[in-house]
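One structure, as structure tokens, below. Some questions next.
Chains: A, B, C, D and E, in written order; residue numbering restarts at 1 for each.
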């Protein structure tokens, strides 16, 4: 049982850190950016390449985060900024095109086959659960990064300005908020977070140009569960999803109720995760759109 | 080489060059290329040079259909060599049949592929044959109980069902069957059940990238069992020291033969990414058979193909097809992983 | 070449019907549905289940349509509680649940391997049926589009609260739209099954829904020809990049990736050059009628 | 007759309405005034079925109006405008107006497919009525412009026009004159009086005291969610409490 | 920057939305510490005039100057930083943010003065003090207007653009707001461009009147010169008697 929680926590961390970037951009630009997941992949590959070049891993990750942040700004300038005012669904489709383009470029450069980080970490036995040093590092990094982002968004003037910009762009401009600079900052942060998350994910698993397809569903599910726009929500969403997925197949239901042992066949893992998501979405308290009230 | 004066023969290749299974697909196409180069260097098929047209199926049914219709209707290829999931090949097969084309399967192993005699031929042995060999052999290794860890696809399930039946028939006991979804980031949760069940050994099948993650999870969980695998050489060893002596299995016996050695040498001369994987050999044999059949007076067709296979000593060993064009009686080797490489330790 | 074009037209027609059905929901009514592949899949699994269990072909088609329409109503049930973004994910989730169930329950229709169904052997006949279905669907959409019903659907798209204040129950209209459009997509799915002759869960993934979305948005949602033009554009772009790729003479693995890169780039460029899509929503002019 | 009985509403701790009761009669115009945030719009939303009250009932001609079901309330012949106009912004002004028309056979799929003639006739009648109304509101020249591109005042007028298209028994107006130019306000006054004269019940929220004095037969004053005064406009102007809390020195 | 230049000057400005032209070669000058009242029928372009001064429309021609400095090409946020304060007619608060966060954004350009400025505006609108934690979108119409005025006042602008500040407000609240505008103008010598449909109150406060007709300044005159006949005419078709073309 403890192992289930450990696994859930690690997975939730990887998902959450990518998901907050989606939530952050969604809250400001109001569309679901599919390319975000590809930023995570590119960030992971960049870390990988830099690591191969002999940079110490933490430095490689930092450089990769910065580069990916810049990439996110570049994509915004070249593609999304000229599309301002377009319906969100159209931007979403365009972002899918961007993802496709970036994915093929990654595949063309690094090859379609999987790659792995050569990191070896020690395992510890905590209770009856195995926890690796990497697990601890992943979770710790995520918690740190999330807390920092949450505080920055809610406690600082710039964070509030970002939310204001998201809320009413014209009004924000008339308060002296420069949208270009602020959105650039926002894209940078979300790109950097994506790179960080992508690298953590790849460290625990592997690198593959199309790994975005595996991350996409859980990340968007987490963001949606969490209410689309909040850091805390994305984290909560990631936890719910990850727990549902891990508990569903990790728990010995037989031992819980009878003496025998019975596990849910693990091919139902995804079904359960998706079903849990649908259920939570349907049961969550109704969101009033107050704009309609007056 | 004699001058190639005659018109080239175009042969289609469909593979998952983007998406899932890119590595094996690429290997297969490279095998086809090696064979084409060899044939052309030797003057072509009855003087006709072979021209390859490679299309991507993106591991999507609709794209596989688009690729196939383009190859059949625009490029007018008489035959297509295909690497795709069973579901992709089963979608293309009826079209090939309707148009009187040949479809050579190098990757899929669903029994349904046998429903297109005269159209669809498999270079790859069917899962039930390999699975049966694996289950029967494991039972001779003083293993009383096993758990299965296989991917949730035709290959994994087909193999598991056949070898479980063989293993149980020999008196063994199957404790649990873990069928995992491919491409998961982590399999610790899936494998955790094994801690409670403690089987004597684990029987597995799968593909490199997933198997690597599976092994990593097993190592993390401290599982001590040996792994018995179908086609162990397509699995990726995650940690050499840990895996040393712990991974065994049955593999295609031809891969250690003379033709295979020749192909492997040609591969290493052309590509610099190490040993060729088995799919290189499947691809190679597929094109070689086509070229051989095309060189026959009757021209390329089911009859000449079935004639060509007789006596062909391929990179995957001698090929025997049943009435439905599916490979039976493949040579089978026993393979073990030791000191950083796979070694043949016996035959069956 | 003719055969190839016939096949291309057939596929464009089938997927256009799906795009039209999505347009009814999104373009007209504003329902964001990321699981439109579900009714297509259900429509296709009708014939598959029939084939697996030895039922006649019409029974399979009817089953497919019924499954699609019924599923629509089930999926719509929570729409009242959810805002659009959430409903989008619920539909996506339910479509995935269905696909995974089909993969894992081989007894229903062959599991991951799928099932062979009767195939329309003559490509021209297949094309004719597909075009007929497209014609019928387009006519129905046209009728709805240019009518008070279409107008009220658009009001719901713009502002549900407004529609309610005007005395319309948005949910009833949404239910009607889902019923019609899911049955339409189901019909496309059933036809697809009989054209391809083979049904497997892997044909009905989330990625397929996105292709339909791309076609719709690219063509211009809210207009009637938009979905058709968009579908043709997407399908032909996918096919034509194959020829470009072959002509380039580069190594096959590089070509495969560049082909997708070109696809992505084309998508981006179309929007940068034509923001409203290829066929923007028709500008309505209401003429004061003189008695 | 509209009668509101002991209606109470609170939002996250804020008591927006605290046991409000009042009646509005057919053929008469009831004015609802009060300081900002006193609960006027909230009361209107309760009647319109947008907000389900915690306590109390709303009766129209003795029958309770469904709570929390705006479409069902509207179907009973109740029309309303919004303080901040809700419009179908990408639809044209004319389409917005037409959407306001009640009972359109062309909105039923079966009629559309099998009796298109019927739908067409009804539509033609609605178009006539819509342009009639647009002329009166001075919006006819904008008929084919997207509603979202109208100026603030024009949106208010359109919102009112849409409510009128429904041919309502009871009409609820939330500050229809705010942002509307004085000449058109004078038109609105005439218009409202005509509505009442046709036997409809009108409830009007307005801060424009001239207009209130001009059209209202009776005025109810809300403060902090409770009725603090009621009477004729003249009586209200003399009420000391109203002076203090609402009208200020100048009023 | 010349000392004698008017605080705000529009010179043959043509502006609109997308391809649509609304303001048609409009010229106008705002004098030091005057309140210039903008009147006009609905849709005559009053709000567009203010938005153009703020830099929120598409400019197709002409020139704008702030105290003599050419601001034609400046984006809105730069104009805000240069001291233009704007209360929009609609969309005037950050609906998704709390009242408190809204006020914080009011002082975005002067973070140091945030606390003092907030205290001052809450003093003016005590109603807002009770609703600090509420989402601005949940406020009543009048409360929203108060918040929007408060937001702008917190920035301590050098020049005010007010688009119907009295609309949605109860009479007592209008008194408050108008008194505050008058005080600010007198104490801090700030010029105000004021759009009002509440003509009587507007005239009582303003020094001069400009009448907008179909995107043009049809007439400019001192408040005293406005007759009720004029008003009626301008709201009907803009044919104001004496006016003729605008004289800046």
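For this structure, a couple of remarks:
The rule we apply is simple: a residue touches a chain if its C-beta (ideal position, glycine included) is under 8 Å from a C-beta of that chain, and two chains touch if they have at least 3 such contacts.
What you see is a predicted model, and the numbers here were worked out from it, not measured in a lab.
With contact taken as defined at the outset, chain B and chain C are each touched by A. Contact tally for A-B versus A-C: the pair with more C-beta pairs in contact is A-C.
Comparing mean CA positions across the assembly, the chain most remote from chain E is B.
Centroid to centroid, with C-alpha atoms defining each point, chain D and chain E lie 29 Å apart. Our note on geometry: chain C versus chain E, Cα centroid distance of 50 Å, whole angstroms.
Note on chain placement: the centre of chain A and the centre of chain E lie 43 Å apart, centres being C-alpha means.
Here the spacing of chain B and chain D, counted between their Cα centres, is 73 Å.
Within chain A, residues 104, 107, 111-112, 213, 265, 267, 270, 292-294 each touch two or more of the remaining chains. Multi-chain contact residues of chain C, defined as those touching 2 or more other chains: 103-104, 159, 161-162, 207, 253, 257, 259-260. Chain contacts: chain B has residues 17-18, 22, 26, 152 touching two or more partner chains. Within the complex formed with chain E, the residues of chain A that make contact are 157, 160-161, 163-164, 166-168, 170-179, 290-291, 294. On the side of chain B, the complex with chain A involves touching residues 17-20, 22-23, 26, 152, 176-181, 183-186, 188-190, 192-193, 196-197, 208-209, 212-213, 220-222.
Within the complex formed with chain A, the residues of chain E that make contact are 54-56, 75-78, 80-81, 86, 88, 91-97, 101-102, 104-106, 108-109, 111, 135, 137-138, 140-141, 151, 155.
Contact residues of chain A toward chain C in the complex are 79, 82-83, 85-87, 89-90, 93-94, 96-105, 107-108, 111-112, 213, 217, 220-221, 224, 228, 265, 267-268, 270-271, 274-275, 277-278, 281-282, 286-287, 289, 292-293. Those residues of chain A that touch chain B in the shared complex are 3-4, 7, 10-11, 14, 104, 107, 111-114, 116, 123, 130, 132, 201, 204-206, 208-210, 213-214, 245-246, 249-250, 252, 261, 263, 265-267, 269-270.
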